[in-house]
Structure formats: structure tokens, C-alpha cells
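By letter and in written order, the chains are A, B and C; residue numbering begins at 1 in each of them.
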Amino acid sequence: NVSVQKSVVGVTEYVGISEGDTIGLVVANVEPMLHEKLGIDKKFRSVGIFSGRTGAGPQIMAADEAVKATNTEIVSIELPRDTKGGAGHGSLIIFGAEDVSDARRAIEVALKDLRRTFGDVYANDAGHLEFQYTARASYACNKAFNAPVGRAFGLIVGAPAGIGFVMSDAALKAAEVDLIDYLSPTKGLSLTNEVVITFTGDSGAVRQALIAARTIGKKLLGAMGAEPKSATTPYI
Amino acid sequence: NVSVQKSVVGVTEYVGISEGDTIGLVVANVEPMLHEKLGIDKKFRSVGIFSGRTGAGPQIMAADEAVKATNTEIVSIELPRDTKGGAGHGSLIIFGAEDVSDARRAIEVALKDLRRTFGDVYANDAGHLEFQYTARASYACNKAFNAPVGRAFGLIVGAPAGIGFVMSDAALKAAEVDLIDYLSPTKGLSLTNEVVITFTGDSGAVRQALIAARTIGKKLLGAMGAEPKSATTPYI
Amino acid sequence: NVSVQKSVVGVTEYVGISEGDTIGLVVANVEPMLHEKLGIDKKFRSVGIFSGRTGAGPQIMAADEAVKATNTEIVSIELPRDTKGGAGHGSLIIFGAEDVSDARRAIEVALKDLRRTFGDVYANDAGHLEFQYTARASYACNKAFNAPVGRAFGLIVGAPAGIGFVMSDAALKAAEVDLIDYLSPTKGLSLTNEVVITFTGDSGAVRQALIAARTIGKKLLGAMGAEPKSATTPYI
């Protein structure tokens, strides 16, 4: 995806587009009736909007970097059932800011980082795998996944869900990590066909667990269809 | 879509098909065990069924015209997560009638009106936009959206959800309307990747808000893919 | 789908693949933290995993045969919203076993039986129909559908939902069966665009109801698109 220039689009609110049919937008002064329905802190007159058809993990990890780098807060994360006919989520992440320039900066950082966070997403016609890692979780990971702020954090997603289960088991056996949560289609996910685990621990152990899961996951999903390929460039 | 003749289908219950993979059906005397599970008023021995894969707004607006024009009631509106792999809803709308001819007439009216109500649905590979307007809301709009019966009513839908948010903000700033509700993927929607607003007001203001949203929405969705085109012919 | 040999996949947990993008897996000793999150009986140190993108009914019926034939229990059945962009469910079924050889055998039986249970699944671009029959329901049908164990059981699914409604009405009028449940998009289903009924009765009556529904369903879905074809070979 090549980002379309704002001048071409001709809409003040437009910031850019990125992987996963994701659009980044800002509203400088949210209309009062709408602001009230959002139920967010009054001080955030500006919002940044990070909205994708395909992917929740990549967008949440990119939002995590954005919130670290800017004077913004994550005010809501909602996960529709989407992926454009695939087995997973889309995402709608709203940043609150007192100043529109902060909201815009957060969206710019997130859009750019999304190329990286799609690096360990692997898909074929039968399903998808996703691996995310951060050495230091921040507020987006905390809000979405209860990740302890400041600690290493890992996320494993597999679809169809059974592959997620086996990857999760392999990851937890491969390294000494602390399981935060186990999510399945009707328990914590938006009816997606996924099993997800989230975990924390020493950064080396978190990476080791992720790599073990990735090895087995690529073999299993590959048995169901074409070789699963990275959406961009692996980073773990 | 060309409607298939009932004589060709050879099923008494068949009325016709229309836009959005929508089928219209009637049952003259609902089987008693099924009738009881539906939990509808006993006087409605006949039902009309309006069932679509793609679209909820267009079908609800068409059902609104049908209920105005016939001696029927809307007994249920359910919104599956569908759109055939897209970001939105499908719909299942059931009309109750004391006489099968009334149920059939309601479905005929709704099937025909659906070509009109798909007029301000715009889609491309990245998402969709929808705008609906009525000068006088009736019982389907009331049941589905809490629209005040007899008043002008507007509906704005955008997918991915972030586009719906920015269109909503623009609409509410463009005209003096009263916001009824703000719906997002996990709040009032069936996990669709949409933001929806509903509003009422003077008919001129409602139209003005819709036109403002449509202008900005088409630019934003167009930045993500091909130019969004009307499914049939715009009516607003 | 041709099952890929385990030796080629190179993962101990892999059992095989089958219809509906379904993968069968086993874990001999579930990792303790994961086992605890699953909340299953401690005696089941082994699990069998039966995970499909397309279909819930076929997988549940195949699991029902597997649980009859092996020393296993069904510990959970979850139904994601899936079918790869279609109108229905996917499935995640977990078998518990004290011994991994039992878990593996259950998955083998289920994978093989899935070719049969996809026999009365009919689809085209507009939707799908499904009919299932067993002369003697077991624990998977009981867990998923409240089917009385040991009795004949029938299941009818139609998408778009309106077709399911009319088929259900026809089935209940065609034979003396007892309706167990009526499920619709937001009532008992995972927001799928389906109407489902489940019923029990004499085995002849259950079959008669299914055949009546199939006759009308194929005509209605055929009016919306191409002639609906069986996914494998009809068995009812």
C-alpha cells in the first residue's frame, strides 16, 4: 500500500493509509454530541483514529509505540470480526489528545510502525499466524491485553483456532514465561476462528517462546495450503 | 439481480429476490411449534420474511416503506454479521400479518423498494459507505434505530469504522440535527467494522447532514481503493 | 482435500486434514498453565483438537461418531463466525482423553467421518443448506444441541436465514417430530446469517422432515444463484 497524499484526498482529517487496509485519521475538535457519546475525558478535544480491516495485533502493537512516543492516551480499542473474509479481527483504536498535533503525530507513528508489526503475520488461504513482541509493553498492550506496563510481552495468534492451541502449548513448554491469558473464539475474542495467548517474562524467554510457536505454526498451516509467507519483513 | 418467477421456482412461499442477495418469502400458516418459539402475537398466523446477505440499512428502510403501505407489523429484526466477506451486516426481518395476502404485499413492496434504498450505498474493495433518509420514519426505523415515528430520520454508516467516525463528526457539524445514537463495532453493532450514527431533525437539516457526510466519506474511502460507486442510483 | 502425511509435516501433534479446511491435532500432555485456563478435568492430560474454518454441523456430527467409537469425552465446542466469508460458522471442538492414543483415535475417526457429514451440505454463491441425521445421538450432539442421547436427531440449517425459516416450517409440517430448538442470527448462533432447527423423534419421521426441508431448500437457494451442489456425497 502506498500512502495517498493528503492534498490529493482533500480532507483535513486524513493522515494516511498503511498495511491491512488501515486508515489513519484525526479530528481536531470532536463535535460535542459525538464527544459525549464516546464517553471520553473532556480534556481530549482532539482524537486520532486508527482503523483497519485486517489485523488487531499489528495495529495494537503499532499503537503501543505511538503512545510511547507522543503525548496521547488510548481511549478505546474495539475489535470487529473482520479480516475481509478471513478468520480474524479488524480494529478501531482511538487516541485522545489535548492538541490535534499530538493526535496527528500518534497516527503518523502508528501508520509507519504498522509495516514492522505486520512482519510476523503469516497467511495462506486456510488461515493465518501472528507473533508480536515488545521488550517494554506500554498502554495499548495494557488496555488490550492486560500486559504489565514496562515488561517484555508476547502475543501468539493462530487460525484456524486449533493451530493457535498447539502453538500456545509449544510456546509455553519452550521457555519460562508467565501466561497472562488464553483466548478462544467465544471467550475474549470477537467470534474469530482463533486461539490467542498473551504472556510476559524475561525478554529472552518471551522471544524464545514466540520462535518455538512460529516454527510449529508455519508447518501446521503449511500442511493446510500454500507456504505461509510474511506480510512484510519478520522482526522477531 | 433479476427476480426469478415464482412458477419457475415452484415453491409457494417464494415471493422474489432483489439487491444484496435478498430473498422475500411468506408462510401462510406458521407451524405451531415454530410459531411458539418465535414468541410472536398469536393473531399473526402469517409471516413475511425479508432476508438478505448484504445490507441491513437498505432492508430496514425498505421494510419501513412496506409497513407504511400494508396491514402488517414488524415482529423482529435481527442483524447477522455478514455482507459476504465485507465489513458489515446482513439482515433478517420478519413481518407479522393476520392474512397471508398482507404479508405477501409487504414483501413485494420491500423487494421493489430495495433498489431505491441501495442507491446511496457505495463500496469498493476496502470498505463501504451508506446513507439513508426518510422524511417520515415508521415502525421499522423505530424498532431498529429508535427513530421517532413520523419524523425525518437519517442514517450514516462507514466501514472501516474510522471513516464512519469522521463522517459522523462532519454530519453533526454540518446541520442542526439531533443525534439519536452512535454505534461502534462492539456497541450496538454485530461486531461489524463500522461506525454508525442515527439522527432526526427538520427534513432539510437531515438531508444536509447526510450530504456533508457523503462528500467526505467518498473521498476517504476513495483514498483506500477504487472510486466508491453507487450500487444502484443515488436518491438523497 | 488430500491429507498430508504426518512425516511430511514433521510435527508430532499433527493428525490430518479433511473437508472444510479442517485440521485434526493432538497434544499428549497439555502444558499445565494452559490446562488450567481450559478448565477441564485434570484426568484429561491429553486432548484431541478438531478445528475447521467451514462448518459446525458436519464437524459436530463427525465428533459425535468419534466419541461413540473411542474412550474420550467432548470437553468443549466453540463456534466462531467463519465459513471463509460465507454466511455460517467454523468450529473448534476439543476432546479430552486420559491417554494420547485415545485422543488420536478420536481425531482420526472424526477426520474420516467428515467426508460423510459434508454430504448433505449444499452451497452456492448466495448461501448454503445443511442437513444432518443420526439414528442415535451421542455426547457431541447433546453438548452442542441438547439432543437426547440415544435417540434419532435431525438438524436443518439454511442461509440466508429466511431460507432456513421456510425449510424449518416445511420440515415440522412434513412429519411428527419434536422441535428441540429454533436458532436465529442473534439467538443461539454466532451472528451467522442462518436459521437452524434441531429436532428428535422416530428415526423415520426425522428423515422425512429432513427430506422435505431439503427439497424446498434446494429450490429456494437455487432461485438465488447456481444449483446448490453437495460438497461430497449425500447420505440422508
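Following the convention adopted for this analysis, a residue touches a chain if its C-beta (ideal position, glycine included) is under 8 Å from a C-beta of that chain, and two chains touch if they have at least 3 such contacts.
Note that the structure is a prediction, hence the values are computed from the model and not measured.
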item: Chain B onto chain C, rotation angle from CA fit, given as a multiple of 5 degrees; value: 120
item: Interface sides of chain A and chain C: same vs different residues, half threshold; value: different
item: Between chain C and chain A, distance of the C-alpha-averaged centres to the nearest whole Å; value: 32
item: Residues of chain A engaged with two or more neighbouring chains; value: 81, 84-85, 191
item: Contacting residues of chain B [partner chain A, same complex]; value: 81, 84-87, 126-127, 159-163, 165-166, 168-169, 172-173, 179, 181-182, 184-187, 189, 191-195, 197, 216, 219-220, 222-224
item: Residue ranges of chain C in contact with chain A within the complex; value: 4, 8-11, 13-14, 17, 21-25, 27, 30-31, 33-34, 37-38, 49-53, 78-82, 84-85, 90, 92, 94, 190-191
